[in-house]
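Before anything else, here is the set of structures, which you'll find just below.
There are two complexes below, and they share subunit A, which is joined by subunit B in the first and by subunit C in the second.
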Partner chain A sequence: MKGLQIVVLGSIVPDPLQTLEPIAGPTGPALKNELMLPAVLDPWAGHALYEAASLAKKVEGKVYLVALGPKAKLQQVMMNVAQKVPFEIVVLDGPAGGFADATETAKALAGAVEKIPGLDKSKLLVFGGWQSASRGTGAVLQMVGEMLGITDQFQGVDELVLAEDGSFTVLERIEGGCYQKSACQGAPALLGWATGNLPEPPNNPQVGMQNMRLIMPALAKATPSPLKGEGLRYASVEVPSQRRDTRIVKDAPVDDIARELADWIRA
Partner chain B sequence: MTDENTSPQPEGALPEGFERQRMDVDIACVGFGPAMGGFLHTLSKGLMNEDGTPVVESKAMPGMPPQVICYERADDIGFGVSGVVTKGRGIRASFPDLDLMQIPLATEVAHEEVLYLLDPIGASRKPLALRLADKALKALGLTKDHAYALPYTPNFLRKEPGILLSMGQFNQWAGGQIMGQGVAQIWPGTPVAEPIMFDQVVAGVRLQDQGVDKRGNPEAGFMPGMDIRCQLTVVGDGPVGNVGRKLDEKLGLPLGNHAREWAVGMKMVVDLPEGCQLKEGTVLHTLGFPEPEIFGFLYVYPGNVASLGIFVPSWYDSPVRTGYRYLQHWMQHPAIWKHIKGGRMRSWGAKSLQESGRKGEPHLVGDGFARIGEGSGTTNVLTGSGFDEAWTSGVLLGVSVLELMKADKPFTRENLEQSYVRRRRDSWLEREAKAAEKARDGFQVGVVPGLIGMALTGLSEGKLFWPGASKKPHERIPSIESFFQGRITADEIAAIRRECTAKGLPLHGALMDRAGWPAINFDGQLLVSHQDALLMGGKVQAPPGYRDHVTFKNQNVCRTCDEKVCIEACSGQAIATNPEGGAPLFDREKCVHCGACIWNCSKPAPNGGESANVDFQAGAGGLHSAEN
Partner chain C sequence: MKVLFLAHSEADGSLGKAACEALTAAKGLGGELMVGLYGAEVQKAADQIAGCGAAKFYGVAGGEFATARYGSDASACEAMAKAAGADMIVMPSTSRASRVAAGVAQRLGAAVDTRLTGLEAADGKIVATRWFYRQRMLGKIERDARPWLVTVDSGCFAACEAAGSAAVEMLNVAPATRTTVTGVIAPAADAQTIRPDAKLLLVAGAGWGKTQPDGQKHLDDASSLILSLLAATQCSLGSSKSLVDQSGEGAALPFLTHMHQVGQTGSTPRHQKGLATCCHGEEPHVVGWRFIGERRAINLDAGCGWAQGKADVLYVADAFAVAKKLAELLK
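Coming up: the complex of A and B.
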């Protein structure tokens, strides 16, 4: 099926290994020094973007990345991401810290998708991360689909095989390490990607240059999306606990180390 | 300028079916730091008319604005590592309305102090003159917390009024400003393999291959590094940058110049404990401890945060000069520890500094290229200042390139000499660098002559100095046995070497223990193991698909090397003892790309010259902390 329009929803998260510390900010919970922390494209959305680009290449389709996040940080992250695969970006200048209301976020994203010039829902596939490194509820993507009137939704996708007539089959992750194989008649559909099967593409300077010609103007005319969060109340906020004990043990036999690790895992 | 029919240096054989792609731009820049920030900001500002149209047209893509691309090796332009104290003359000239509030961790210098640190442990190798000075200071009751605060900060060291910055945060801010100007594109995560040269003409750069194994052999996803061809290559990749060093190898340095003096800066950013008495904007310079050759600094950022660290120079003639453990001893000096005890490490990292200053200046320009920043010899070795100088060198090149583009003149050596080099020679940068040129010569003789020499040069504004002839770095390094002569016997060293080699450990820990340095009691907050510093502080990572960027030119030389300084001095413990003998092992996932291995090798390169037996290429990855 030629001319697919693939819209990837994805934003930024703190670079892995950064120390995250929730604090109470003036507008609600926030991460300490969040603006100073280096950011990356949410890895789950990254998988979706690479799968989208791969599919678009096969069907002469077009990829849009709709990103809701602080404009300055998005610009920084695009310096890396834009070298990977060709896409056009739609920028919503707002928070991306993981503390925004899922419904409000979904509304902003769905609105931005609707406004993409020349959008043809009969050719629309909405991609996103099945989970998010900042919003692990999996709720936003589903809600965006509902708001766009897309009823064919798949979550935990690792593979999409498109047929000539536009129909496709999907492998979704289910319990017990198994896959559920589904058949769909075609677009519009929404797919929340797991890891997919593609490696991270290498940096391609030509792709970067082409992308950046559209990315910088798109950043310049980003739509302000402050997400007010009215009526939202957080009972408590915490990041997953990390435990680090540094201990130096000399000449420990391998069996002892293995036993200790096994005990720790069991505990 | 280039002969399209001839090939550049021998092409690496590509597997069948692969072709090296080529992209043409107008200006290709290598390395994003303060110098490149100055260049790109100046260029961007001058290349566009007020109505948004370009002042000149691209030659690479006619009809388009000039195509200006900057490639940075690190995974983000903010992943530098340094606290900066600067007079900020160049920055303020570029940004007359500079608002420090816009740059995280930036503030004005409010108080500056120089501390001479005594040795509270008794393990330091202080020479007799300094030991006597220590006793005199104590006897006179002039010390507090084993430190003597100089009654004033000499003018040549003073940065007040000035600015405190985090290099990483500044780079992010400057990069954002430049990208927003819409002329230049900055691409991090893109290491450059080498300059493309036709004889002595630089015609662009070749990027590193991707999708290769650690030896550089193609694997799945192989993509040969693209050739970026351009009229001008701007080299600002710092002192350990691959392109700058390859140019030096090919072209040599101007007669009488050499880049032999180095230091490794090992640094941390720390959340200071609640109730810390240090005020925002405080600057502490230290000297005297843990070894007399090692200098230290502590800068207080806004928000009760400090950047601190030490510099271990190449003239500290120890074959086991390990920055990390020395940093921990320095932090625990009573005059420092009283401020930071109870604090928490936020980030950590290391960087090599080119300390030759004006003497290390390479050929600043040639046909098709120009050099800026630290790798072009901008660091002022008297004032210990490099940030502002680097920025200013970039600004001077920016103005010159604009002049040449508007006059439609090609980027020949002659034209660049008449524009950029002339401007640089006429600038305060050159005047101050010339005055500082011999400030550190005394350190070639010893630490006391070095300190006296610096003071002489500083107080006489360059008229006086303590003479000392430099040596190539690998020629300076003594054997472990001679360095510890009188303190540890050769038999003991042999036993320590056997034991450490069998365990795959460096020697420095055991040797320092034996020399009287106390063990570090890790607290999990500030004092952590070196490996934890990599993870918790540096957040060190390396993307797959790139070759090892540290290799050993002649492995037989490594096999018989007793010092293996590369292992002892490695800032990230990325170079490790090979328990099976032979060349050391390299783990690129631990490398912080400080480049210390370039100058911490005691064996000359097989082909002679200035360099040693370690080969250091541009690689991807490294530090992932932007707070330094």
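Coming up: the complex of A and C.
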């Protein structure tokens, strides 16, 4: 099937190696030094973007990345992401943190998708991460799908195989390390990606330059999307203190360690 | 307040453990309890919880609802939720229920919060507890909006046991979908390495794939030792991202996939005990171990930032040697 339009929904999250600390902000909880923390593209959104680009290359399709986040941080992250694969970005300038409301986020994203010029829903695949490293609700994609009228949805996807006629098969993760295999007649459909099968593409400066020609104007005309969080109250947010008294067993014979472990496992 | 417990039956018609736990969470809210069940067949599941105190049982059943599929499951849940007119809707966080929960909430105009680890009613308010930023922060939330649909993580509530005989009002639902579930791909029984119900989680870290003191990598030995431990203990296997990535490049353990990954970019499994081997690194690993009760670790660094203060016992030893002896003892 030629000419698929693949819309990837994804945003930024704090670099996973950073230590995160909650603070009380004027509109609810936030992260300490949130705007100073190094950010990366959400790992699951990244998998979705790379899978989208790979698929688009095969079907002469086009990839859009619809991102809701603070545009200054998005610009920083896009300097790197833009070098990975070709895409066109749609920017919504608003909060990307984990404390925003999923429904409000979904409404903003669905509205942005609807406004993509030339959008043809009969050729539309909506991609995104089935989870995120911020809120991690796994809810936004489903709601965006519903708002767009897409009722063929898949979550925890690791593989999508497209046939000539536009139909496709999907492998979704289910419990116990198993996959559920489904066949769908074709677009429109929504897929929440797990890790997929593709490695992170190497940086390609040429792709980066092509992308940045569109990214900078898109950032400049980013739609303000403040999320009010109305009706949602946080009674508390805290980092759990779970420091354990670690007993360190050093210079002990292997046999003794193994015996102690065996007793512990059997108990 | 009307509370609807909404869940799917399993392939054998019964109600799964995660669902029975979510039912306990729903019951704990007080109010008028109702039950909605969907699947190929629901009577067996309804009978399993007939004595839970529900005022009404709704059901959607048939071949169309036998498998986990967004279009059919969402239609079934929507129909039962509308019939019940509930203020609170509680679902389990199984892969099947999680696939549709937020979509159903959208159809109902409901607020939604997923993967709760706590849910309680006090002083006329309902407070939900969930983790943020991949299990790094714990938050308590309240909402004004009703209906409010929530999903509840497994392992947080005791499973409800209340067998009896239930009268189920069956609803007719015609799902709109262009999707057909064609099967489940499961590893062979003897190749199964992810076991959510196992007592022990064994985590293999990147150290297994590193050069050993003799200057060589011993990947074959590492593979056979880990597999022999799995066979001896019937535990579940997890791994760090770095080792999984190595495996994907054909450089490490062939049986590892991204589904084994625990931590910041993987799962956060719940097991009674956890044994980490050759794992290093701090925050990302801690995230993966958040819900492990008793934790022990084997690695060569007594000052390892991940083990210090996070594990109960740290054995500073060669994991190859300990694993070999341990597998022998547990055979």
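By our rule, the second predicted complex is superposed on the first by the 237 of 267 C-alpha atoms of A that agree within 3 Å, B and C clash if a C-alpha of one lies under 4 Å from a C-alpha of the other, contacts with A are read in each partner's own complex, and residues count from 1 in each chain.
Basically, a residue touches a chain if its C-beta (ideal position, glycine included) is under 8 Å from a C-beta of that chain, and two chains touch if they have at least 3 such contacts.
Bear in mind the structure is a predicted one, so any value in this text is a computation, not a measurement.
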For A:V237 in the superposed arrangement: first (subunit B), second (subunit C), both or neither?
second
Determine, under the contact definition given at the top, whether A:A194 touches first (subunit B), second (subunit C), both, or neither.
second
Looking at the overlay, what does A:L17 touch: subunit B (first), subunit C (second), both, or neither?
both
Winner on subunit A touched-residue count between subunit B and subunit C: chain C
Touch test for A:Q83: subunit B only (first), subunit C only (second), both, or neither?
first
Applying the document's definition of touch, where does A:A163 land relative to subunit B and subunit C: first, second, both, or neither?
neither
Does any part of subunit A touch subunit B in one structure and subunit C in the other, and if so which residues?
16-19, 199, 244-246, 248
In the complex, subunit A touches subunit C at residues 13-14, 16-20, 22, 29, 43, 98-99, 102-103, 106, 133-143, 145-147, 151-156, 158, 169, 171-186, 194-195, 199, 231-240, 242-252, 254-255, 257-259, 261-262, 264-266
Using the touch definition up top, name the residues of subunit C that touch subunit A in the complex.
67-71, 74, 94-96, 98-103, 105-107, 111-115, 127, 131-134, 136-145, 176-187, 192-196, 200, 233, 248, 257-261, 264-265, 273, 275, 283-284, 294-296, 298, 302, 307-318, 321-322, 325-326, 328-330
In the complex with subunit A, residue positions of subunit B that touch it:
21, 23, 25, 67, 69, 75-79, 104-105, 169, 172, 175-176, 179-180, 182, 185-190, 207, 210-211, 220-221, 223, 226, 228, 346, 522, 524, 528-529, 532, 535-536, 539, 541, 543, 545, 624-627
Mind listing the subunit A positions that touch subunit B in their complex?
15-19, 33, 35-38, 72, 75-76, 79-80, 83, 199-206, 208-209, 212, 216, 244-246, 248
